[in-house]
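Some structures to go through are shown next.
Two complexes come next, and they have one chain in common, chain A, joined by chain B in the first and chain C in the second.
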Partner chain A sequence: MLIFIVRRTLWTVLVLFTISVLVFVIFFKTPGVDPARAIAGRNPSPKVMAEIRHQFGLDRPFPVQYGLMMKKIFITHDLVSYSNQGTKVIPEIGAAAPATLSLVFGAAIIWVVMAILMGVAAAVLRGTVLDPILMIIALIGISMPVFWLGEVVNLVTQSRLHHTFLFSWVPPLGYTPFTQSPVLWFKGLIFPWITLSILYIGFYARVLRANLLEIQNEDYIRTARAKGLTERRVLFRHTLRNSMITFVSLFGLDFGVLVGGGALLTEVVFAIHGVGFLTYQSLTNLDLPVIMATVIYGAFFIVLANTLVDIAYAGLDPRVRPA
Partner chain B sequence: MAIALTESAEPPAQTTPDLPPEISGRSPWALAWRRLWRNRIAMAALVLFLLIITVSLVAPLYAHDVARVNPFANNLNGTTVINGHRVPLMQQGGGILKLGETPIGPTWDISHYFLGADQQGRDVMARLLYGGRSSLEIGIGSAVICCVIATVIALIAGYFGGLVDAVLSRLMDVIWAFPVFLLAISISTVLLTESSGLSIGPFHLVATSLWLPTLIIAFIYLPYVYRPIRGHVLSVSEKEFVQAGIAQGASDLRLIFSDILPNVVSVVIVLLPLMIATTILTESALSFLSIGVQPPNASWGTIISDGSDLLYTRPWVAIAPGIMIVLTVLSLNVLGDGVRDALDPRAKLRVEAG
Partner chain C sequence: MAEQLLEVRNLKVSFRTEDGVVRAVDGVSFTVSEGETLGIVGESGSGKSVTMMSVMRLIIDPNATFEGEVIYKGRDLMSLNQAELRQVRGSEIAMIFQDPMTSLNPVYRVGWQISEQIRAHERVSKQAARARAIELLQAVGIPHPAERVDDFPHQFSGGMRQRVMIAMALSCSPSLLIADEPTTALDVTIQAQILELIRKLKDEFGSAVVLITHDMGVVADVADRVAVMYAGRIVEMGSKHDVFYDAEHPYTWGLLGSIARIDRPKPRRLTTIRGLPPSLINLPPGCAFGPRCPQRFEMCDQVPELAPRAAFDHTDACHLDPTIKRNRRDRTIHPELVEGTNEQSA
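And then the complex of A and B:
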């Protein structure tokens, strides 16, 4: 196990290094793109351009440039946005993180509960008409673009049915910090949570159902039945518990991706000022330093989350360790 | 032992007895096609997908001959006909606030602004059809490019093994570790900041070219296709007929393309519809974020993005392209399930779990 952890950690370090180089190459070394002009935003003055060339060491050798950028992002935290009059980028990301975490945590709770209910129901009801109906609903959930679903939800809750008793309690779009008003925080996040979770409910319900059906043929399930256990006990103690191995490892990966910037589209549609929204704002005015920082922080978060999941997985399931 | 997921999943042994003896020697492809043909839900999905392609292909015909509009030029002073009356496209004081100009809503008249106009007075129906062309071209194009390149890399890595395999697989692992969305966002923004476009050697791509999003999306999904195919190539390479080929002195190229490739092609075909569904969704998201298809071109994603400003006054501008995306992706997902059941009836549970 220790050897596995060491090997996995070394691989993670290598991946993090490669990703940082890749980001550097994409932003600074793409053929035909002048990085100074890209960083400076729209219509830069020659003075700003010269300053950027000096700051990022664009006239110096490749490794120095790379080192300077990494220093700005991880050590001195003084990467500044040029489109946005010198705002420091890294503190801005830190300030946006609670909104993203609130969104993703809530959605994760909904999707795990709903996916388990749907997946188990479909597997138990196999052979009845309800199983294909549940699976078609799951498939529709997977097929909907999340930003469009969010707009439709907004249309209904903010405009068309907002004056009725159903949705009159929905606050205007935006994010209220939990510390400011827990009630408003909750009310404002309910629909973003549901919207974000629908895709994952569909996906996880399908995976779980397939997994449950596969495990039902395992020898140890037959043994459990032969021992005379009730169907309910077989389902919850043996089948479902083993299906959870796949489920939990998938969950770790998806959760990491969402916190690392994958919730971007939901944040944009519901005007939740999280990390993804920050990326979006910088996309619309091509504010490269912000994009660079959010991409690299997001990617690092995701890679580290994956490492933790893999190590936890190996701890739970000894069969994967030699890999 | 296989578990029947759908009605179509009968093992081939049960279908052969009612066939006349002279055609019992069907190829695996014919058998798979037969299974797919009998899967009514999958065939309905295929018909729906082909219908969406056809409708998108006739976009120029519709714009030119039926609606008689130019869906790419603004038309703020234009007029159209509703119930025999000529009305301006941009109406004063519409909407909830009764302020400013609002484009007309859906007329539900196929030849006169069926779905209304957008903020620049352009025909939303015509743009929807043109948008479908871009979305489908990018979606299908990038999925096909991705599958072809990933298959070639997987064949090389899996067949030669050793160092070649290690280098290629680690390379794919790094792309895989990079979050898909962040990778697409970084590449797209950098390429779009340069208005002159991208030049690599003799190839030149302008920023408005549909090739740019196509290639970016094809690139980011390479490892997702590479991994399952490489696994398959590895297992096929171990088979006796490949050993026999080596013993007979067949060249590497011959072994790869005539012995191994035909045996992994079914994996690629199973992946293709699901990949197209994924790439269409990715394209729409990138276009929605304004880093996919660039004006004057439109795609379903850009139309939804245009429509979000009009969401509460003219919701159909944003709703209609979304419905098209859902129908397209849903049909591809259903078709993908059907193709998998048809080509690989026994392994279907494992594919879904993996």
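And then the complex of A and C:
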């Protein structure tokens, strides 16, 4: 186990290093991209440009520039935004993370519960008309782009039907920290949660159904029936338990991506100032330090999620456990 | 005659498919007495597994239809509801399957899987069930059962897994054990061990055994009575001695002739049954074996009944006259032997 952790940590460091170099090269060294110009604003004089270059260290050799940036991100935490000078990037991400985590955790709970319900129901109801209906609903869920769905939800809950009793309780867009008001936190997040989870519910329900049907044909399911177990026990303790191996691996990766800022569109549509929102803003402003920091933040969570998936996988499937 | 434990009456199983209705089992009747071992032989697709799976009602294909009766200890299993069926499965009738590599759930420890079956049928504590699981593992010859009980299936070899399956099957002392090709996936040396184990435990637990196999050698080894199946029907049934030494059906002759025997003069080549088994969607009219049968004559256009022709407890489904059969049989099963005797006598 210790070896596993050490190996994983080294692996994480390697991945983060590679990603940071790649992103750095893309944003700082792509021909035609000049960070100084982005900072300087319109029609800067050559003298101003030179000053800016010097001030931001852009006149130093490339590896030094990279090293300085990494030092500011990881050690001194004083990386400063280009477009919004004076704002320190790392504390900004730290402040945005709770919103993202609230959004993603809530959505994940909804999507796991609903996907299991729908997937199991479809598999059990196979051969009836309900199975294809459930799967078509799932497909519709997958097909609706989150930015469109979110806007429709906003249109209904914030505008068209906001004055009716149905949606009058929905607070204005934005994120209220849990510590400030748990009730407002919940009310403000319920529609973002649903919107974000719908895509995943559809996808996971379909994957789970297919997986359940596959496992239902396994010999050990026949054995379980021959043992005289109840159908419910066969379904939950034997079929679903084995399906969870696939389900959890997928879930871990998607969850990592979302925590890492992948819920960007949902955050933008619902004006939730999380990490995804920050990424979105920095991309529109070409605010390189923020892009660097959010990308590294995202990469970290994806690698972390990968590690957790591997640990969970070993927990779920004894065949892959180290002897 | 011993009391009938299981009586299958005119069992028919068919599956609707895109190509038509597959008559996998087409009117099979047989009985199993308490404590006896019935071997069901036949090639792949002859309906032997489907027959026994239907007895356990383990076929849940919505396209399958069943007819006939399966009387077990006076109750028709075909008419039981799910709850009643569960009490029979695993407790009264247990089953071992062909492939031990896939028959155990990979995510649970073997002891857990055995205990699960015990606890599905008896109100015992987890500790008691676990203790029984260890005893059972000991009984099926797994070394260090107290430690192995907590191992996962993938930590066992194929033969050991089949032993675990047998331990599980016997955990509730069933009256009937159905073994569906229990040795097919195993090495020959392991096969012999597993068969020996089944025989030993059958005596210990007093269970009757239905052994499904395509291996005549396996049947010769353990069965008391033998049923030979072809194209969803039983074509010959009798005591092991009768079927092996006084085979009545030309299909059985073919099966017996295809065995390489070391106790007989070496034939130039083994007898084969020409042709392929018929499609179960379009069975040939008359005797299903007719098109492949070297003994075919006019009467074979009618379906032969499974009837006692040679002796009262030795039934076969062939129109040929028993005396004619006797003359032709040895030539099919071991032609070399017959020719050898002819030369000597000449």
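The rule we apply is simple: the second predicted complex is superposed on the first by the 277 of 323 C-alpha atoms of A that agree within 3 Å, B and C clash if a C-alpha of one lies under 4 Å from a C-alpha of the other, contacts with A are read in each partner's own complex, and residues count from 1 in each chain.
Convention: a contact is a pair of C-beta atoms (placed from the backbone, for glycine too) under 8 Å apart; a residue touches a chain by one contact, two chains touch by 3 or more.
Only a predicted model underlies this, so the values are computations on that prediction, with no experimental measurement involved.
Considered on the superposed chain A, chain B and chain C are sterically compatible, since they fit side by side. In the overlay built on the shared chain, the residue A:V268 is in contact with chain B alone; chain C does not reach it. In the superposed model, A:H238 makes contact with chain C only, not with chain B. In the superposed model, A:T9 makes contact with neither chain B nor chain C. Within the superposed three-chain model, A:T76 lies out of touch with both chain B and chain C [touch as defined at top]. Once the two complexes are overlaid on the shared chain, A:R225 sits against chain C while remaining clear of chain B.
After overlaying the two complexes on the shared chain, residue contacts for A:N217 are found with chain B alone; chain C is out of touch.
Taking the C-alpha centre of chain A as the vertex, the lines to the centres of chain B and chain C open to an angle of 80 degrees, rounded to the nearest 10. Touch criterion met: A:D317 reaches chain C, while chain B stays clear of it. The partner that reaches more residues of chain A, of the two candidates chain B and chain C, is B.
Looking at the shared chain after the overlay, A:F147 reaches chain B, while chain C stays out of its contact range. Remark: least CA distance from chain B to chain C after fitting both complexes onto chain A is 5 Å. In the complex of the two chains, the chain C residues touching chain A come out as 56, 58, 60, 62, 82, 86-91, 94-95, 97, 99, 102-107, 116-117, 120-121, 152, 154, 165, 168. Those residues of chain A lying in contact with chain B across their complex are 15, 18-19, 22-23, 26-27, 30-34, 37-38, 139-140, 142-149, 151-152, 154-155, 158-160, 206-207, 210-211, 213-214, 217, 246, 257, 260-262, 264-265, 268-269, 279-280, 283-284, 286, 288, 291-292, 294-295, 298-299, 302-303, 306. Remark: chain A residues 127, 218-220, 222-231, 233, 237-238, 241-242, 245, 316-319 touch chain C in the complex.
Per the touch definition, chain B reaches chain A in the complex via residues 1, 3, 5, 96, 173-174, 177-179, 181-182, 185-187, 189-194, 196-200, 277, 281, 284-285, 288-291, 301, 304, 307-308, 311-312, 315, 318-319, 321-322, 325-326, 329-330, 333-334, 349-350, 352-353.
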